[in-house]
Every structure is written in C-alpha cells, then in structure tokens.
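Same chain, two partners: subunit A is paired with subunit B first, then with subunit C.
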Partner chain A sequence: MASRAPTSVSVLGILRATSCRPAAALKLQRFYHSYEYTQPPPFQPAESAILSASISHVPSYGFTLNALTLGACDAGYLDVSTNLLPRGVFDLVNYHLVMQRLALKDTVQFPTEGGQGRSSSIGAKIRALTLARLHANRPVIHRWQEALAIMAQPSYVPASLDELAQLADEIWFLAGDKSVDSSWYTKRASLSAVYSATEVFMTQDTSKDFVETEKFLDARLEDAIKVGGFLGAVSGWVDYTGHSALNVLRNKGVRI
Partner chain B sequence: MNGQASRILLRRQFLEGGRTRVSRGSERGFSCSVRRYAQQQQPGPGPERKSTQTTHFGFETVAEGVKEQRVGAVFSSVAASYDTMNDLMSLGIHRLWKDHFVRNLNPGRNPLTAPPSSTSTPPAPQGWNILDIAGGTGDIAFRLLDHASTINHDAHTTVTVADINPDMLAEGRKRALSSPYARTSRLSFVEANAESLTTIPSSSIDLYTVAFGIRNFTHKDAALREAYRVLKPGGVFACLEFSKVNSPLFDAVYKRWSFAAIPLIGQLVAGDRDSYQYLVESIERFPSQTEFRDMIKVAGFLVPGKGWEDLTGGIAAIHKGVKPM
Partner chain C sequence: MATARIATRSLARASSRHAAHPVLDFLAPTTAAHASCQIKSRSTHSAASPAPIAPQHSPPPEPFRHHKISHTLTDEQSDFLDSALRVNQAGELAAVLIYTAQTPPLVRSHPHLRPLMKHMHDQEDGHFRYFNELIAKHRIRPTALYPVWYAAATALGWGTAVMGREAAMACTEAVETEIGGHYNEQVRVLLDWAEKLEGKGELGEELDTLIQQLRRIRDEELEHLDHAVENDSKQAKPYELLTNVIRGGCRAAIRISEKL
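Presenting the complex of A and B:
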C-alpha cells in the first residue's frame, strides 16, 4: 500500500507532462503559413536589441564588427556582448534580410478583390513586391556589395540561399499565387534568379531613383515569362509527340 | 651525459611501472592505478561511507571533499610538463583551439568604437576586465592580452588569472616573466576557488574565460552561478572544454587514442601515468554539448544560437553565455 502511493504520483506526473505538451507545441515555429497563429518573433529580445541598434550604424560603418559593437553600446550592452551573435557580421546581414522580408506584407498593399475596378494581375503584383523589396535596400545600397561578399562566404552560402528562397516564396504568396503543381518550384526558382540579378545590378546603378534598376527588372521578368512560355511549349510538344509516337507503335501491333 | 641521465631516469620509471604492475596483482581496469593512490590516502572505507554527498573523480566515485584534493594532486604533478604533454596528446591542435577561442571572443576595446561611448559617459573604463579561471599556466591570458594589444590596439585591457592550484600559478608566473606583461598591471595571478570567488566583486567582469578547467570542478553548477554573479550585465561567459565526438567512427578512433595512447605518453614523458589516466576519464565523464548548454541556461545566461561550437568534430567545444541586462 505504501509503495503504491509514489507510483500513482509519478503516473499523475506523466499525465500532466503529456497534457502540457500540446500547449508548448503551439508556440513552436511552423514551416507553413498559418492564418490562425502568428509566427513567433524571428529573433530573441536581446539579439534584436543589439541588431536593430547596429543596423542604424551600417550606412556609415558598413556591415562590419564596428557597426555591431557600436550597436551593442547604443543598446546598453558591452563591447563583449557581440558574442551573443555566433555568426558575427553575417547575423547583421541576416537581420536586415529577415526584417525586410517580413516588412513586405505591411509596406505593399493591394486593393482588395471585389472592390472598385479589377484587381491587378499576379504579374503586376510580383513586379510591385520585388521592386518594394529592392527599394528597401536603398539606405544601405552603397554598402550592399560588402553584404553580398559576406553572404558568398562558403559557410554562409546555405543560409543565404535559404533566405533567398524564403523571400521568393513570400513574394509569390503575397501576390496571391495558389499553384499546387510543379510550377510552384519553377516560379520560385525563376523569381530568385531575377531578384538576385537585379540586386547585383542595383549596387552599380547611379541613375536617379534607380530607374535603370526598374528597367532591368522589367526586362528580366519578361525574359522569365518568355523562358517560361518556351518551356511550356516545349513540354507540350514533347507530350504530344510522345503520345503520337506511342499510338503509331500501338497501331503497328506493338503491345505497349 | 645528460642523455644518459635521462635514459637512466626513464629506465627507473619503467622499473617502477613494472613493480606497481606486480604489486597490483588482481586489480584490473582503467582507474586501478588512481584507486591505489586513493587507498594510500584514505586508511579505510569508513569516512567515505559516512559522507552522503559523492561526486566522480575520473571513473571513480569519491566523497566531494576528497575530489578537490585529488584534482589538486593531479595538477601539481603535471604543472611542469603541462605544455609538452598537451602538444603530444593533441598533436599540437590544442594551440589552434585556443587561438580560435580567443580570436572569436575578440577581446579588447576597439579605439574606433570607444571614443563616442566614453565621452558621453564619463567614468567608462578604457579596457575590458577579463577573468581567466583555471588558467594557471597563463596560456589563455597571454593570448587574450596579445589579441587586445595587437589586433584592437587596446593597452588597457587587464586579465586576472585565477587558479586553485599554486603549482600551476607558479608555472604561469614563471612564463609571464618572458612575456611583455611581466611587470605591468595588466596581468595578475590570484589563487582562488572558482566555486566561491570571494575576492571578486559582483558585476565587475566583462569576460569570464575557462579553458579546459571546468571539467575538474566539484560543483560545476556552483561555478556557473558564481560566474553569473561576477559578470557585468551583458558580460560573457566563455568556456573551452573537451566534449563529445559527433561521428561514431571518429569516436571509436578517438577513444582508442585517448585511453591507450595518452596514459602511455604520460608515463613516458611526464613519468606520471595516473594523472593522465584521470585526465582521459574526466573527459569521458564531462556532460555532452546539449547537457552543458542547458546547465549554462539554468544558471541564468542567454546562449548565442544553439549554444556551442564544435572543434575538430566535437573533441572540444566552445560554450558561451551572455548575462542578460
């Protein structure tokens, strides 16, 4: 009898532990978009404090440790506190990328469907969103080549590509694309290529208000549509010819 | 002449080894030699039974009070040959780990960033106040000071080397004489127990480093709490320590090396097998990366990213924690 009491307590403990689990799981980061739950903030409060203060030093100090150290001092931390960021300057670049990606949904607003006039096409929305994201680089554009160099360091390439893929996904999602076939992949891949090419072009663009960049983007988007149309035509031709050949062979008595 | 003398010495050590092997008789296993030493120290199992709190010393379980003395004995014995042994055991890689550890911490106030913050707040200290725990031989301390002076051009950063073992501190003082910091106020040596740093005021340290030391502490959690106390808000706890190897294949090779070769090298070079046997056993007993990360979190620190960085496939790892504001 005396020995049963502790076991019942431990069973209760286990039950309590399992019943707690779903609540904890709700707080986890999701790998899909949920309309019901808001995503947790992408950075811890302390990291966020240092990084947001550092970003304001980027225009004058670039994406460097100096900017990070100054940011840490501004946020009330010590020089040594930059050790909170395990990847150093890449964390600063990454902060800029993530914050600008998340800001897209608030900076670009489209007239709701069913309102006055017809809503703009998906192509026009893609263009507007991509341009808005490019313009978010304007305050740091003279330092952006440094950031590109940091992102191109071998150990940071996977993280950089992942962030690019997430940006392409965000733009297609916000544009209202609901494709569920293989074009899901080709759309994101081609937009990633267009975006990164335009981003590099923009670092050397000296025209007023970056009109050259805008032209460049339009040309690349057109190319992508052409290539997409061409690939679609090719696949249609392959499909048709393949079926025809198969039927010809069947007519000749081959059992396929 | 000298060579002959050392050869004789070596032969004597071998003879001694043989003699102990004979006297050991039926005992087998890794830690029997250390156990023999323990039996000499304690007349019987009586006092060990009496104390309820026990901890591990290598693969043995000993009373908490005993561990400190025995770790002390180990390090007093290896102090003189510490560097030679480290080079032989790690094939020189320990130097790379220590360099990487210090370079990543980037000690020293950058003069480019210092003026704007120090002019606005009058009593701002000019350099970092670094505490190097268990750094008796000064390995890490010299590197920290070198980095601060040559990379960040900071001539004010100070390092306090604290160690519980006077023999290790003596070795460090001896080495400091040949460094540029010998008679400056930038380097000081203190004999202190990391679990109660009574001489160091709270919230006074920018950077707390401990390299290959925390493994030997009797109460690691108490040491972490003490680190939390002495650090300024925003200060960093940084620990370089042996850890768990990630790949099972590499782990098998590494275990072979550490349990077979290291005590043997210890016997041949330092003439002390038992101490090096303890070293490899204590490495084996140290918590894994995730466990130690969680211990740092429990002490109240924020951990950067996943909380640690593996070196050479996880043979060693750097753990960091930042004291929140």
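Presenting the complex of A and C:
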C-alpha cells in the first residue's frame, strides 16, 4: 500500500498524509480470502526487513525505539529509517502480533484420522491453537507487559482490538468452525475475552513451562462453554415453547 | 402495474459490454423489470490491477488445492466480493424465512399451493446453503444483523400470508424483483472483471464458478417472480403500497447488510 504524498506543503497536508498510513495498515487481509489469488503480504519489504531484525532485539531491549534502531542498523538501513514506521514501537508490537497469528496455520498440526480413529473436536483444537499462540509469546513474555501498555494507548486501542479480533477469527477458522450466523460473533467475542485474559495472566506466571497459564486457560474455556451452553438451552426452550403455543392455537382453529 | 425499475446503483456501475454472450445473458431474463438492459451507461469499472506482488512466504498448506495465480485481488475487488456475498447470504436467509412463514397460513386456505411453495422454499434453501458454504470457506464476516433479518423476514412472510394469497404473492413478486436486479448487477460487475482477467490469463476457477452459480441463482429467483405473477400477485388489494414498501425495505436491507 503506497503512502500518499501530502497534497500541499501545509501542516494539515502532512498530518493527513501520516494519518493515511494507519488507516491503510488497518485494512490488512480482512476481506474475501481467495484460494487461487495470492494474498498481499502483510508488510512492505522495507518495513518487514527492519521489523524482523528489531524483533530479535526485543528480549534484550524491550519494545523500545532502541530495539527498532538496532534492527534498522542490522537490516542495513540508517537509524532514521525508523521514521518509516509512523506508529513507532506500536508497529513493532503489531509486527509480532501479525507474524505470530499468521504462523499459527503452519506451526499447529492436529492428529488426524490416521492415528486414533477420529480427529479431535473443535474444542480441543481451539485449546491447542490458543495454547500455541500463547507459547509463541514466550521469547518476549518478560517484555509483554510493556507491549500491553503500548497497545492500551488510546490512539492504538482500535488497531489492537482489531488484531485481537483477527486472531480470534484465525483460531476459529483453523479449528474448522463453519458457523455463519450470529454465533460467528459470539464465538469470536468469547474467544477474544478468554485469550486476552490468559495473555495478561501469563505475563505474571512464574511456574515451570507456564502450567498455571494452561490451567487458567482451561478454566476460562470451561466457563465459556458453560455460559454458552446455558444460553443455548434457554434459547432452545423459548423457541420450542413459542412454536408449540403457535401450533396449539392453530389446532384450535385460530387463523394464524 | 409493476414499474420496470432497476436500482440506480446498477446503472452507475454498468460497464461497456464487448463480448456477445454477456448481452445474450442479459436478454435471457424475460420479465419487464429487465427490459431496460438496453440502457447503457459507459462508466468504466474503477478497479485497476496492481503489479503482482511476489509472496514473501511459501504458501501454507491450504485445505482446498487450487492452482495459484500470481495476480492479487485489489482492495476494491476483495471488498466487493466480501459485501456481495454477505448481502446474498442475508437475502437468501430472508427468502427462506419468508417462504417458511408464508406456507402454513397460505396452504391452510389454498391447499393447491403446497407443491409450489415447497418447490420455491427448497430452491431458496439450496441457495442459502450455497452462500453459507462460500461465507465459511472464504472467511467472510456474516451480517451482524442476522437476528434482526430473521425476525423481520418471518414477520413479513407471516403478515402477507394472513393478508391473503394475492398479498403473499405480491410480497414474493416485490422481493424477487429486487433480488433479481441485485444479482444481475453483481453478475454484471463480475463479468466485467472476468473479461479483464481472462485477457491476462488470470481468470481462476473460483471466480468463474461464482459467476455461473450467481447466474443460475438469479434465473431461479426470476422464475419465482414469474410464478408469483401467474398466481395473481397483481390482484393484491393495496398492490402499489405493498410492493413499494417491500421493495423499499429490501433496498434498505441490502444497503445496510453491505456494510453491517
């Protein structure tokens, strides 16, 4: 996505130009997912080079301008090349989020019919995918609270929530979800809530191999299933009672 | 009398036709509503194809094996497909619910209509299933107002059915006219893309199948329109009011579902 040149040399023109890029960056692979046509890459080549080099410095330097500058140098660019990233350190956080989300389809394999006779349920796949994504935070987990603080800044909140929604969508899709009604929304909303709560928990989890985080995740998923089950039962009851009443009235001769 | 109107959007988006078969295709729908395909407006489609961007990662294992084309769909094309398929799914949901709600009151007073209602319902069900598959496969967001359309379509179907056979048929006629025009416009836009892509040898099976299926679905919707007219839809007592209100509602619903 080419950044547009300012239409005038005025301050307003420059502000408009810089504000165009976050909007352009928001429109990632949101739309029709084609299997035949190639998807556009999530980052431009220069951005991608700088950010991928910077990510390797995050464990030592955190999500800071320092890491970005070192990354720019590693990639063979000048220090000022970090101006290519108008959102600064948020672009670094975003890069991590996007790349880990896109890596899910390659890194997570499910046991197929060949071995045990039947493939795992969607619930088990959701658990596996969410855990995989959480474990992908391990290299930078000691810096993750910083990243959360960056994401919580008001100007970056929409983009962060957008990324969270895309992650939830990716996980459900890879788990084999085929819902196309309002449950599409409720499933993704509940998974987003579970994932973000678990991610925050993970930042202060000191257990070996993050077993406490796994238990926390299992507890949250169970809660979500219980609530979903209850709401489904209530709506099923209402549906059934309504139809029964209608049919009884029709049998009595009421012309409805 | 039904006024032959196509939504003005279709005129704004119509492109110049060059190949012979798309013209014949548009002559196939025989109802009056589509007699105005001789209106040609020459605004060209604004999508410009970008230079193909080489993917930076090796293609991940896809559940559906397709031959990969190096062309990338533009944002406008992707956006169009996204909102078009979302609206189509919402429309078919509404159609299925209208027929489901219309059938009990209608068939009670006119038992001879049972086979016709069943036939139309089953066809709409097939369309609904098809769009559901596409939405799940291509990861399109379904309409957020799903429960609203559910309630509205059920109410519309039931309401017109208790008003009488002619009113129910007038409702079908109004809905099918709007939907037929809507699908026609989509086919037009997609054929325009297909023409351009075919010239570069980049037309894939995905788009090709989509166009064929949309044509088939459009033809079946227009067949329903014909059935409704045959069954005295035009004798409905508040004919103009009913049809105009329903068509207006459909257009509003289409516009809303495109975004929401």
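The rule we apply is simple: the second predicted complex is superposed on the first by the 200 of 256 C-alpha atoms of A that agree within 3 Å, B and C clash if a C-alpha of one lies under 4 Å from a C-alpha of the other, contacts with A are read in each partner's own complex, and residues count from 1 in each chain.
Simple rule for what comes next: a residue touches a chain if its C-beta (ideal position, glycine included) is under 8 Å from a C-beta of that chain, and two chains touch if they have at least 3 such contacts.
Predicted model only: the values in this text are computed from it and were never measured.
**Student:** Looking at A:33 after the superposition, I want to know if it touches subunit B, subunit C, both of them or none. Which is it: first, second, both, neither?
**Tutor:** Once the two structures are laid over each other on A, A:33 reaches subunit C alone.
**Student:** A:256 contacts which: subunit B (first), subunit C (second), both, neither?
**Tutor:** second
**Student:** Can A:76 be said to touch subunit B (first), subunit C (second), both, or neither?
**Tutor:** Once the two structures are laid over each other on A, A:76 reaches subunit B alone.
**Student:** With the two structures laid over each other on chain A, which partner does A:48 touch: subunit B (first), subunit C (second), both, or neither?
**Tutor:** So A:48 only meets subunit C here.
**Student:** More residues of subunit A in touch with subunit C or with subunit B?
**Tutor:** When the residues of subunit A touched by each partner are counted, C comes out ahead.
**Student:** Given the touch rule stated above, what does A:98 touch, subunit B (first), subunit C (second), both, or neither?
**Tutor:** A:98 sits against neither subunit B nor subunit C.
**Student:** Classify the contacts of A:181 with the two partner chains as first (subunit B alone), second (subunit C alone), both, or neither.
**Tutor:** After superposing on A, A:181 lies in contact with subunit C but is clear of subunit B.
**Student:** One more residue to check, A:131. First (subunit B), second (subunit C), both or neither?
**Tutor:** neither
**Student:** Hey, which residues of subunit C end up touching subunit A in the complex?
**Tutor:** Interface residues on the subunit C side: 52-53, 55-57, 59-62, 64, 66-73, 75, 78-79, 81-82, 85, 89, 104-105, 108, 132, 135-136, 138-142, 144, 146-147, 158, 162, 204-207.
**Student:** Any idea which subunit A residues touch subunit B in the complex?
**Tutor:** Within the complex, subunit A touches subunit B at residues 44, 46, 65-66, 69-70, 72-73, 76-87.
**Student:** Once bound in the complex, which stretches of subunit A touch subunit C?
**Tutor:** That would be residues 27, 30-41, 45, 48, 102, 105-106, 169, 173, 177-182, 184-185, 250, 255-256 of subunit A.
**Student:** Taking the touch rule as given, give the residues of subunit B at its contact with subunit A in the complex, in rising order.
**Tutor:** Interface residues on subunit B, with respect to subunit A: 104-107, 109-110, 112-113, 116-117, 128, 206-207, 232, 234-236, 238, 302, 304-306, 309, 320, 322, 324-325.
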